[in-house]
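So that you can tell them apart, the chains are marked A, B and C in the order they are listed, and the count of residues begins at 1 in each.
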Amino acid sequence: MPAAQVTAQVSAQLPAQVTLRGVTKVFPAVAGGKPVHALGPIDIEIRKGEFFAVVGPSGCGKSTLLELIAGLTAPTEGEIEFEGRAIGDNVPDGIGVVFQEDACFPWLNVLENVEFGLRLKTIGADEKARQAAAVIDMMGLREFAGSYPAQLSGGMRQRVCIARTIVAQPRLILLDEPFGALDQQTRLLMGDEVLRLWRQTGATVFLITHALDEAAMLADRILVMSARPGKTIDLVETSWPRERDSRIVERENFGALTSRLWKTLREESMKTMGRAG
Amino acid sequence: MSRLRLYQIAVVAGFILLLEVLCLAGVIDKITMPAPHIIVRDFVRMILAGRYFDEIGKSLVNVLAAFASAYLIGVMVGTILHGHRTTREILDPLFATYYAIPVFAFYPLFIVMFGLGDGPQVLIGFMLAVVAVIVTTLNGLDRVPPVLKKTARVNGLNALQTARHVTLPFCAPYLLTAAKLALAYAFIGVIGSEFIMARSGMGYEISYAYTNFDNATMYPLILLILLLSIAANSLLSRWEKMLLARRGQA
Amino acid sequence: MQPRENATFRNTVILIAGLFVFWELAYLVVGDVALRSPWQTTQFLGKLMQTDLFWLHLADSLKAFAVALVIAVVLGLLIGFALGLHRLSGEAMEPMLVALYSIPKITLYPIILLAFGIGISAKIAFGAIHGIIPVALFTLNAVRTTRPILIKTGRVMKLSPVVMVREILFPAAVPEIFTGIRVGFSLTLIGTVLGEMFAAQRGLGYLLMSAISLYNVDLIMSVTFLLVVLAAAVNMVLLVIDRRLHHG
């Protein structure tokens, strides 16, 4: 498919937005235990504007990786750079994060929750309200703008969290298994939404997921991590066109892709299962 | 010793040290409070001389009476109410508001009704403690997961056996919490009443010592009550935590 | 939830009616020597409320209570927040606060009297120490058990510590804090009245105790009744607000 090849070539020429070099993370010992070598050493390059996914067995350090990139924690060894500047222990400007857990503020309604995402912006209250309303429309939440999170379903609450994150127009959006708590059908639909947002905002998207089909369907490139301590074992280019949605699962090479991912992962996952408990 | 313990010991020691310094420096005068080391000295003397043992014993007997009656009746009432939904719903507002009511306000009424003997104190202690026991018992019974009761039925247990082998063991931590609360409230009720108006017992001795400017008696007695109530509370709390920890709920 | 609220209302009415019936029966059994009937008590209370003396005592109690409450809430919030925000302090001090909760505080009253002298300051101090502990404990717990995801969200949004406390920690903690204030309210009231029952010269508690020396059963019953009704009524209102805050 020539069009796909062209896309791959173009994306290979995109500048790097996030680079990790020789990064490891070791957590200090907790009372009565040993230090935990959670991650690395690992080298990654995430290109500007791409959709980058990470899969791996549970406990391999995927979430730690996300926290390192977000600046929520500092690496034990190695360097991380976002747009050329080193990230240490602070969250750089221009990064947004959507977590797996419900992070809606229960005491604010949907509109106020989304407006909160603009908290640090120096624009007037009217402009904030307008931008928040625009994003709420984009996420299909217009009729629920006055509702409280407690009145919404899990999927809708995640949409509110996504809205709150993108309203600040981040250049890099980190998603930590955001659909883990949702049922399969909702997950597929949310996948379509994320693709749409990715195209509309032009941001780089970094997604962590345990669902191989989700990674295969959504991403331009997929990083496969080993069991703990997580290191790279495979980096797959999907070569999908930018204008894609969940129907991509019908394509032939989709099956081949998920098979390749599982073949790589199966052994690693068995290592984790033996270790667990 | 863990950091936590050290911190706690440091806080208590620091407080006592502060008092000692303030007393010795004269910031706190002798009439208000003697220095901590003097209080401890008087305390030791009082214990060694065996003074007030009768009064202490009497108070403790009353506390025990209030505790035992509140606990037994409370658990029974709680268990019965658990099976009678409508009655329970009617009484619910009473339980929710009960501890906002100044129960001590009934003390004069009880004195008028029963005279100045031990009755009113024990009754106040009982009244304070019983509702805590009822509510905690109901709480515990509420939390028995239906799946455990179904398991009992499937295994052919009748009502009594279910209560003995499933419900009661499950509720053990709650029953312990109920005991802890009952003891604390019984203590507060009895000693408090003795203090306000009684003719004997620890509370009475404290108020008597106060009226007679007898700090050498008053402070050791106050110290004794503090030590007793903290000790009882700590022991029961530790037991409670142990039970909960075994279930991974601590 | 209309039917649910109707049921609660009906149950409360039945409960109150039941209590009055129980009271009347007790009166019939015990007699005039020690009790008065509900009707007699309400009548006497009505007459009592027309005397100046009554309002003098009531005002004194309310004044002491109000000041004690403000002190208890403000100090309780400060202590609760400080301990809640600093991990080690919170963990270490919480069991100690719980232990303080269970001691019969009236035994500390003589110390307070010696320190403040007989008068309204002693009552205020005594009332305050009753209320400060629940406010502090509930606030401490509310802050300590703030869902970590909300704090993470604040960090990701790069909020400064002040903004974090003001816009995330505090609103998240409000329902629990309110429960603490509700409990603190009731306990401060109880503490203030209790303080008045011993070594005071004014206030409703004092009125109650003086009624014993006069063997004035009417007075005893009326003041007791008034105190119970006031405390219960205010607490019910606070409970409704509390429930609403927890379900919002």
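Of note:
Heads up, the rule we're going with is that a residue touches a chain if its C-beta (ideal position, glycine included) is under 8 Å from a C-beta of that chain, and two chains touch if they have at least 3 such contacts.
Just so we're clear, the structure is a prediction, and the values are computed from it rather than from any experiment.
When every chain is reduced to the mean of its C-alpha atoms, the one closest to the centre of the whole protein set is C. Among the other chains, the CA centroid farthest from that of chain C is the one of A. Per-chain CA centroids place chain A at a distance of 49 Å from chain C. Centroids of chain B and chain C (each the mean of its C-alpha atoms) stand 19 Å apart. Note on chain placement: the centre of chain A and the centre of chain B lie 53 Å apart, centres being C-alpha means. Of all residues in chain B, those touching chain C in their complex are 3-4, 7-8, 11-12, 31-33, 89-94, 96-97, 99-109, 111-113, 184, 187-188, 191-192, 195-197, 203, 206-207, 209-210, 218, 221-222, 225-226, 229-230, 233-234, 237. In the complex of the two chains, the chain C residues touching chain B come out as 7-8, 11-12, 14-15, 18-19, 30, 34-35, 88-89, 91-93, 95-96, 98-99, 102-111, 113-115, 183, 185-186, 189-190, 193-194, 197-198, 205, 208-209, 211-212, 215, 217, 220-221, 223-224, 227-228, 231-232, 234-236, 239.
Those residues of chain A that touch chain C in the complex are listed here as 70, 72, 90-91, 93, 95-97, 99, 101-103, 105-108, 116-117, 119-120, 148, 150, 168. Across the interface of their complex, chain A is touched by residues 147, 149-150, 152-153, 155-159, 163, 167-168, 171-172, 174, 247-248 of chain C.
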